[in-house]
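Letters A, B, C, D, E and F name the chains as they come in the text, with residue numbers starting at 1 for each one.
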């Protein structure tokens, strides 16, 4: 037997090539799988991302390399921005903006909650005082967008402003979105009084089909006039929504809601996983990003709640401030959390529908914020 | 506050960057959306094209640029010819050629109606006498194909022969296809007598499964022998049809009929929309193309009807000349128009099935015509 | 009439350009279609491959050229390895490994049957003694993998090691997989006694959901440790299986099992067909490959059966050696053949479930073998 | 750029950013409200509903199948 | 090339084009008719129908599921 | 490389290859068996079943639709 051949085979085993970082990242991948499967934390994204993390850290195989499967997916779908934009189209096709149209004032709540984005941006810059951190303004903006609580927006912006941080930002965004039921309730209880939480809101008015058709066009035209840099995101969101509401292209609407979003979700998750390669992910920056991401969600929630309290006053008690927390987006998790916390105070107070208004407003809000960051930082 | 930052933000607004052409094209996009949604003019294509037109004319955003989403879709799917060919595969998988096989003589009607293509080609060249028009033979051929009344064929040919005119040609093709119920009836009434329109046709014979399986292969082999330049189009049409008729690959046939055609339709529409950028679309040529496209449909319809009258004589009155109008293709709209006009003359005369023969023959006919144009002009 | 134009048109006809090889290959394509449709030989692959073969051999049209549809599909999906890997993901999502987990010893049968791969590799090298054959070690390895009886694995490996032989290898792999019901039974009857064939096996134990979730991860981790070069294949197979078994991402699991695998199957088949161009396919090598492929299946089957007999002895008659034949994979055809042959000896002996163990083990086995070949030959 | 300068940039960005977000969504409120009022003044024009949507090819195909079926299965002459 | 020359080219193209279209579809008529006659002379060979089509993987998967179910839910011994 | 040398390479590859395949799948047998035993020692933790899986967006959408429907179709006051 030729011992040279044996040596060659040995040299291609994982055993002979492992680095500690890769082992650690495979463990991280397994942890994400555990969270996705056993704890059901955003499984649609965290399962593919977790699996992608494992695949990317297999030595020799080069699956995340430029000519490996995950590398190709990254180049095709994320470098180009195609995947997050197609997901956004699907989100548009899946979203009923009726609650928002019935109660447009809730857009203010969706605006307020974006404060989490800019607060975190400042936080990232503050970290630069600690030796080892050297976040640029673009890095900080990409990190801040975690506070938008919207996966595709975060991936789209990070791929433009700070591709090296994309893995950590995507993982933080989806993980904290999954943690919304844990992060939000204490803040909600802290910032609102029992009386406020008991406020029942009046039933939403009927929204006609024509209003629902005009809505996405209105949003797109405003975006065209005021903030074209957010047009790719807002454009695909409103396109998906128009497919849905127009009622004349059911075939296409269903394709956007099912085939396209499902296929792209698999590929997007795997491609994001390709950015969890040990040498890129195991850095001090990642630690900072995970920390800041948590803050982002907490601050966004608080900002939404405080604006909710203002509106509670201004409306003479007609608005339950809890629905402000849904303004961070994280659709529909945050709206459900609002509903649950509301029910704790009054077993007959169903806030789900009222929370859907700020909830979907938050999606638009963070896409707008992303547009501003692109306009000023990405220039 | 740093006024420089404000200025920078202002300089990225639509307000600061709009050109009149873009505003006009956004209005055109909105018009297409109106036609698609409120008037149901070919909504599957005109809705994505219209939305794509709006997206392409948003200043700053660059969505139709080489590295914008619509630009990518155009490069991936239209420059390569992949999208129209996949649509053609889907059309093949959706089409039952039974009526044509039962009544092969109707192929003559599908041939005659292609006269609209060549007449329009001459028309485009004639426009060159007007100062401002400078259509090459390739341009004229691409414009002529509008008379084929077949979207994917028009897009495929235009992308090969005259990519700069593709936007106008696609818009004209789909718009006039949508207008078939308005364009065709007056011509039909003008060119046929009441007696002719009342002709009842005998029931179609039964077509066996084996005949349906052999049919696409026959068409492909003839195309291979006589006109290989039309093989990409005819090839994918017959491939899709064989998936359908073979009966052994239901999974694939359904994928071609649903997932693939739906997904590609969305992308194709958006990509075509990227050619509706103001600076490319708002030209004298576009005006000429829109005018010629209308002629193309009218002449094709007339040619089909006249050949129908010839066959009416030759068959000693067995053939209703109305079905000649279906030869332009525009499947299945034209066949339904024939049925409707036939019913006006005799409430018991259902011509739908007999019109399906020339109707699908028209699809093959215009693919053949496209092959000839590619062979002689595209060489 | 300008006779030059007529000449130009004539020069673009198939009649003026046919070469004998193309005619022959079109006939081969028609034969594959016949086998797929009338004989139901692996129609999901052989129909697209056969049609692709016809399209690729149409003169002038250039459909398989670098900028033709089939050429693009080949570059996008096969040169990159993306298509076979996505098919493998779908296979993972479609496969229930329960039988294997319940009876892990059957993995030995799946290992033994891979002997067909290496035997064929030697056979390919032996052909080099015949003048005209000049197979390299890489060529021989790619040919050997036909014995793995697994289409995507064969295409993946051939695209890496011997792209010029890919067409012949894929056609051989799928054709012989289709011939499994004809190739295997005589060998099974020859190598086993009537008494052995009558052995009834005990019912399989229940496999818990958790075991099914841990299984793909276990396989992936072993692959990571011992044989990273097989990680792309094993990785996507186990990813698909985890989508299935996790139970938390039904949307994605169904997309992998349906939309993705169906769409990719169409494209993969057409792209493989592009390698059946006359000048590449009509060679002495192809003849050798078709011959060797047959041997590969026969030897693999025999090796599985002999190992089955060993296990029959060692288990004191508890194991029916027939199930060894299923170790070649060719899922689920080989397992059904085992069941059928078993029923011939005893009308109450249902071996299907027991044969599924070695059957799916064979899939893993040939992916492992592919990894070794890549590690040593592809280095 | 020092960290302090960066921070200053960040604060400006925050002010501009939140300002724009509120402006944008505020304008949206105004426009939505306006449109709703306009629409309710005129009764909304009757747009055909989704239920009427049809596949451009399917009807013909179905019709073809039906016709084929009828031809293949001629029904006995109806007496009454 | 002058416009007139172009037009001449166009007219030639029209003649050639319509000629080829008619030739192609005319030949197709002949071939279809011929094939139909041939097929009706011999009774068409019995090709299995679409209903028999099956998924290559599904049956095994289903069988596996059924078997698993049977094992997990042993039925009471049938008496009669 | 002569054909004989190639063949020698091939034979080595066969030995190495079959060896690795058996080693790999053999180890897999050991690990699967081990895991099964471990899992059966402790009763497997209750993982929620597939039936509970839900679409992240759908419930909200459905809820919205239901609410909308209720508003549009106010039910007559329930007496009992």
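One rule holds for everything that comes next: a residue touches a chain if its C-beta (ideal position, glycine included) is under 8 Å from a C-beta of that chain, and two chains touch if they have at least 3 such contacts.
Not measured: the values here are computed from a predicted model.
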Label-sorted list of chains bordering both subunit A and subunit C is B, F
The distance between the C-alpha centres of subunit E and subunit F, rounded to whole Å, is 36
Cα centre of subunit A to Cα centre of subunit F, whole Å, reads 25
Cα centre of subunit A to Cα centre of subunit E, whole Å, reads 45
Flagged in subunit A as touching 2+ other chains are 5, 9, 37, 40, 44, 213, 223, 226-227, 247-249, 251, 259, 372, 376
Touching two or more other chains in subunit D are residues 13, 16, 20, 45, 47-48
Every touching pair of chains is listed here as A-B, A-C, A-D, A-F, B-C, B-D, B-E, C-E, C-F
Given the complex, residues on subunit C that touch subunit A span 80-82, 85, 213, 217, 220-221, 223-229, 231-232, 235-236, 239, 242-243, 246-249, 251-252, 254-256, 259-260, 372, 375-376, 379
Subunit B residues touching subunit A in their complex are 5, 8-9, 12-15, 17, 26, 30, 33, 36-37, 40, 43-44, 47-48, 51, 54-55, 58-61, 63, 67-69, 72, 258-259, 262-263, 265-266, 270
Within the complex, subunit D is touched by subunit B residues 1-2, 5-6, 9, 37-38, 40, 42, 44, 91, 94-96, 98-99, 203-207, 331-333, 335-336, 352-353, 356, 359
Subunit B contacts subunit E in the complex at 101, 104-105, 107-108, 110-111, 114-115, 117-119, 121-122, 125-126, 128-129, 137, 140-141, 208-211, 213-215, 218-219, 222-223, 226-227, 247-251, 361, 364-365, 368-369, 372-373, 376-377
Subunit B partner, complex, touching residues on subunit D are 12-13, 15-16, 20, 45, 47-48, 56-61, 63-65, 67-68, 71-72
